[in-house]
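What follows is a set of structures for review.
In the two complexes below, chain A is the common chain; its partner is chain B in one and chain C in the other.
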Partner chain A sequence: MESKLIYHKRNFKKNLPGYLLLAPATIAVLALSIYPMIRGIFLSFMNYNLVRARGDSFQTFAGLENYKKIFVNEIFLKSIGNTIKWTLVNLIVQLVVAMLLALALNQKLRGRAAFRILTLVPWAVPPYIAVMTFTFLYSAQVGILNILAVRLGVVAEAVSWLGNKGSAFWCIVALSVWKGMPFQMVFILTALQGIPGEVYESAKIDGGSAWQIFWKVTLPIIKEPLMLTTVLNVIGILSSFYPWMMTEGGPLYSTETIYTFAYRQAFVNHDFGTASASAVLLFIFTTILTWIYLRIIREKN
Partner chain B sequence: MTGKQIKKSIEVLIIYIFLILMVLISVGPFVYVVLTAFKTQEQIYDPSQIIPTYVSFDNFVKVLFHSNFIRYFINSFFVSAVTTGICVVLSVMASYALSRYEIIGADKIKMSILMTRMFPGVLLCIPFYIIMKQLNLIDTHSGLILLYCSFTLPFAIWRTNALFSGIPWELEESARIDGCSRLGAFFHVIIPVARPGLFVNMLFCFMSAWEEYMYASIFINTPLKKTIQVGMKDFVGQYTIEWGLLMTAVTLSLIPVILFFAMVQNNLVGGLAEGSVKG
Partner chain C sequence: MKKRIMAIALAVTVVISMAGCASQSGETKTNANENSGGEEGSGETSENTDVAGADAAGAVQEGGEITMLVLNGLVSDEEQGIAFKNVIDQYEKSHPGVKVTLQAASAADIKQSFQTAALAGVGADIVMADNSGHAIDMAAMGLLYPLTEITTEEELLSLYQPGPLNSGKFRGEYYSVPWYMDCCGFYYNKTHLEDAGLEVPTNWEELSNALTVLKSKGYGGIITYDSAYAFYPFFYQNGCQVIDTSGEIPKVVIDNEEGKEAWNYICNIIENGGMVESFKEANNWSKVYESFANGEATFLLGGDWCAGAIDSLAPDLDYGITVMVEGKAPATVLGGFTWNINANCKNPELAFDLIQYINSADGDEVLFAEGKSSARKDFDYAKTLEGKEKLEILTTQFPYTMPRPAIINEQAIDELITNAIMTVVYGEATSDEALSSLAQKINENIQQNYQ
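Coming up: the complex of A and B.
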């Protein structure tokens, strides 16, 4: 017992420089991420409406009041539905397109490297630049989509795609898929390239069709990295700011997600309490997903 | 040709058509953006000038010399460079400690650092606003740099740690036997081996600060302090958008992005796989 303690003491002394080297980064992470996060959770239980900053109740404990408030807020309720729709559509479309593209790029083709690089371009483009670019493409006056659509006779006259309640959501989905898909694709492609050629050959000899080989051979092998990238992707999609950057949640809140709702409450309506409450709800979702993510990593190691 | 060969070539053809379509979707928008940058105001509104028959450099002159664009570019460069510097120093120190010393709870520390990447930005920016106000850091570049470190630092630590863990102990030990001090061994052995990886890490840090929009739009109010992403909004008026100027600004701001992309595209997966989330 005694000797173990001495060992630990000596070990700690030997590793003291390590602790000192680690300290600045740890303090920075604590101060810049952990502390604000805890403070944000506290805020969700406080009266913190800046519009009523002079009132008596400002900065007092509110209990679950903020949570109650958002659950009777019609915009918030609408944003829950939008968030589910946003997440599912984004995830499924990105996954399917990324999978098809990765499978295509995994073939021995001429110019494969060039195709790979060019399809990766959207990933490198800064989000706001992408938003401006797509806003331009969708524009009713100058957008190429309208010019082409009118010329091909799809629509009689130019449509304001982003100003329209029915189409705005899908326009933003298109941008988000365009921007997020390459990340998925590279991830899947790397996993695919890790599969030795013999695996396919023996499957072919057994007489499997391409479809069967995909479901019975390829998919089970890449299952793990696929789950990993999917979880990461969902977290990213839930925290997406595109709906705000493009249409500020509009028109008529048709593109409002929980994320943009929290932003609106905080920086448009200046109510930090309810903003934090809705952000905390979102955080609970991402925490569950993170937990799954960490479990997958741990199993991998 | 046998039936089998025909089937095979049809398959290849379909794959090519699919790939070409994907390339058009990926790159096509920018072709149109660049074309627009070279158009006059009239050409932009003229559907017969989709591909301009004559080019004009007016937009470039206006954006470069008669707007705040260059200023925003410098602001963004400054903020991103300082963020990168801080992150590289702190993450190299931390990663050396995590990979070369016996730290109690090292795995837990690493996992918690990774966890912080998953916090929704909007949850953090509300308390950030209050904290920044208390510290008088609203509307300052130093404040913005701190905020940027909050998401680039965890990422940098995680990547650098993976990098250092991959460098064998023996390299360092043999240098020590040859009479190098621990610090000497670090600078003469570890750093040269890790240099390419560290460079890519720096690029990633730089780019994630460079492309950030939300924090910059909340915390910077003074026009001359804006970053390039938020500065783009100058060309978006209340009722009209100056498309020619906006697309020129987009074109110009894509130049560093292209450089970055050319340098990292082979290192993508390593970086992305190790605990990054693009928000």
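Coming up: the complex of A and C.
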């Protein structure tokens, strides 16, 4: 027993520099991620409307009241549909575009390095700058999109793309795809570059078509990194703030997602209880999506 | 399995951290509350009452440190920033032992920035706040120091215009000292009007007619910010307060006879294509200026700040500014900023003294630099309007300028009104349907925040 204790002590002493090096990051994660997360779950069961801070019920246990409140809120119900649409559209489009680009950039093209850099540019642009640029592009007054659409006769008069219910959502999706696609492309490209040339050569010798080679050789090999990047991408898409930055969830909540709803509840309505409840539901939503995705991958395995 | 756990853990952290981070700000809420407020609605104070009861002059003489959270422009190398620094320096010189520290935030962030710090029991001693209900929210959270602990209602009323002063009145208590004020005015494109053979409209009927004629000539109608701001005057002009905040619990009156009439007038303008396309996306003022400067809109509803932006965008644009079109009575809506004292402030008397100094004639150079009008009753408008004569007409509206309803979550109310207008814009509801749904939603909001 004593010798075990001495062993642990020695071991600890030996690893102390490592623990010390890890400490700042661990403390940061605990303080800035884990604590707020636990606090968020806790608040979702509390009466925590800041503008009612002087009321008797403030900071009292609310049970499932906050959850009940948001499920009768028509904006929240709308945001669920929008979130599903937002996630699926973004995920599929980003994945397809990133895959195509990665496949193209994996070929021996002239100026490949330049193309690779160019495709990474959207990733390097700060989100706020990207929002401003796209807002400008869509402007009813000076937007290039309108100028082209009018000149080409697509529309008779300039249209407020971000101001119309039918188009605002797709305008934000376009920005999100443009901004998010390089992240996925880099992962796929890296995975593609790890495939030895002999694999393709033997597949070709065996008479495989380009499609067959992609489907039966390339895809199974890059499946692992693809899975990881897709999961990360889902999280990024779900927590995207572009709908708020561009239209504040409007017009008429047509671009409201659960994430923007949570923000609205917290910082417009000052109700952190319902804001936390919706964030917890978003977490559950994320978990389910991730689980489904991993399950599909496992079944295919 | 490991990957799955990793992925799920990552998802948990990212998603819930958002709400959790926000919640941290509320943790020490009780402290701020204890400092500033007593029983609900009573305006009573606990610890700070004793401090405030002390001799104000003595507290100022003792000196101390004061931190101010102001808009970015006041801490810049621009004319207004330099003027503000001068005023602060003068105050420090004339009050030895007093040190003033300036912090800055953008107009969009200042409220949230202060709120987060004050809820944690700290924050700047003095904060600038938009008079569109920001102070009401902060007062409801118990973050502001009640002014009658330092001064009297009579003194405040004798010094300041009633509109700006009432914008910071919550449950019978004053929380804000008005600094500068502005009001919504009527901008018009002279070239468009001349071409259409029209005079500048002065009342509702003339405005409707002008919009019809302009449309037939191919000119656009009205542009304004995509909010309730510029629509309030129509209700006020018709004798409808939108929300009656005189009682303990606000009462929705937007759907009374006068309200209905004003609402139908607004909807009528919209249904007849009186608003330009850019109105749908005007979620910031830049888009409003652009639309008017580019000639898309013939009329712009906005405050004095629009003039500078229009001039810089289109220096050759021939436009005029006048008072809002009149309904049954002249009325317009208030804009501007106020000073507010943090409930956590250790020396509220000193903070109030500094505010009074900035608000006095000694601090007017800051307002002159931007052509702003003080909310003080004895303010010299001629000086601030030197070289900006075009704006003079707007100051004639001050006697009948009314604040937006002093109600908790005014921003949410504004959003409800804007959305109701939008349902008419998109043809999703008739004006009657939109109004009755709006009244119901505002009632629900009030119920949630007051009862």
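Keep in mind that, in the parts below, the second predicted complex is superposed on the first by the 268 of 301 C-alpha atoms of A that agree within 3 Å, B and C clash if a C-alpha of one lies under 4 Å from a C-alpha of the other, contacts with A are read in each partner's own complex, and residues count from 1 in each chain.
FYI, contacts are C-beta pairs under 8 Å (C-beta built on N, C-alpha and C of every residue); 3 or more make two chains touch, one makes a residue touch a chain.
Everything numeric here is computed off the predicted structure, so don't read it as measured data.
With both complexes brought onto chain A, simultaneous placement of chain B and chain C is prevented by a clash. In the superposition on chain A, contact of A:P24 is made with chain B only, not with chain C. Of the two partner chains, neither chain B nor chain C is touched by A:V93.
One of chain B and chain C touches more residues of chain A, and that partner is B. In the superposition on chain A, contact is made by A:M245 with chain B only, not with chain C. Applying the stated contact rule after C-alpha superposition, one finds that A:I34 touches each of chain B and chain C. Of the two partner chains placed by superposition, only chain B is touched by A:F134; chain C is not. In the superposed model, A:V268 makes contact with chain C only, not with chain B.
In the superposed model, A:S160 makes contact with chain C only, not with chain B. When the two complexes are overlaid on their common chain A, residue A:I195 makes contact with neither chain B nor chain C. In the superposition on chain A, A:A149 makes contact with neither chain B nor chain C. Once the two complexes are overlaid on chain A, the chain A residues touched by chain B in the first and by chain C in the second are 32-34, 36-37, 39-40, 43, 139, 141-142, 228, 232, 235, 238-239, 259, 262-263, 266-267, 272, 275-276, 279-280, 282-283, 286-287, 290, 294.
On the side of chain C, the complex with chain A involves touching residues 3-4, 7-8, 10-24, 26, 29-30, 33, 37, 39-41, 112, 115, 119, 137, 140-142, 226, 277-283, 287, 290-291, 294, 296, 408-409, 411-412, 415, 419, 422-423, 426, 428, 448-449. Within the complex formed with chain B, the chain A residues making contact are 11-12, 14-15, 17-22, 24-26, 28-29, 32-34, 36-37, 39-40, 43, 100-101, 104-105, 107, 109, 115, 117-129, 132-137, 139, 141-142, 144, 147, 150-151, 178, 180, 182-183, 186-187, 190, 228, 232, 235-236, 238-241, 245, 259, 262-263, 266-267, 272, 275-276, 279-280, 282-283, 286-287, 289-290, 293-294. Against chain A, in their complex, chain B makes its touches with residues 12, 15-16, 18-19, 22-23, 25-27, 29-30, 32-33, 36, 44-45, 47, 50, 90-91, 93-94, 96-98, 100-104, 109, 111-116, 118-131, 146-147, 149-150, 153-154, 157, 207, 210-211, 213-214, 218, 229-230, 232, 236, 241, 243, 246-247, 250, 253-254, 257-258, 260-261, 265, 268-269, 272-273, 276-279. By the touch rule above, chain A contacts chain C in their complex via residues 32-41, 43-44, 48-55, 58-59, 138-142, 157-165, 227-228, 231-232, 234-235, 238-239, 247-248, 250-253, 259, 262-263, 266-270, 272, 275-276, 278-280, 282-283, 286-287, 290-291, 294.
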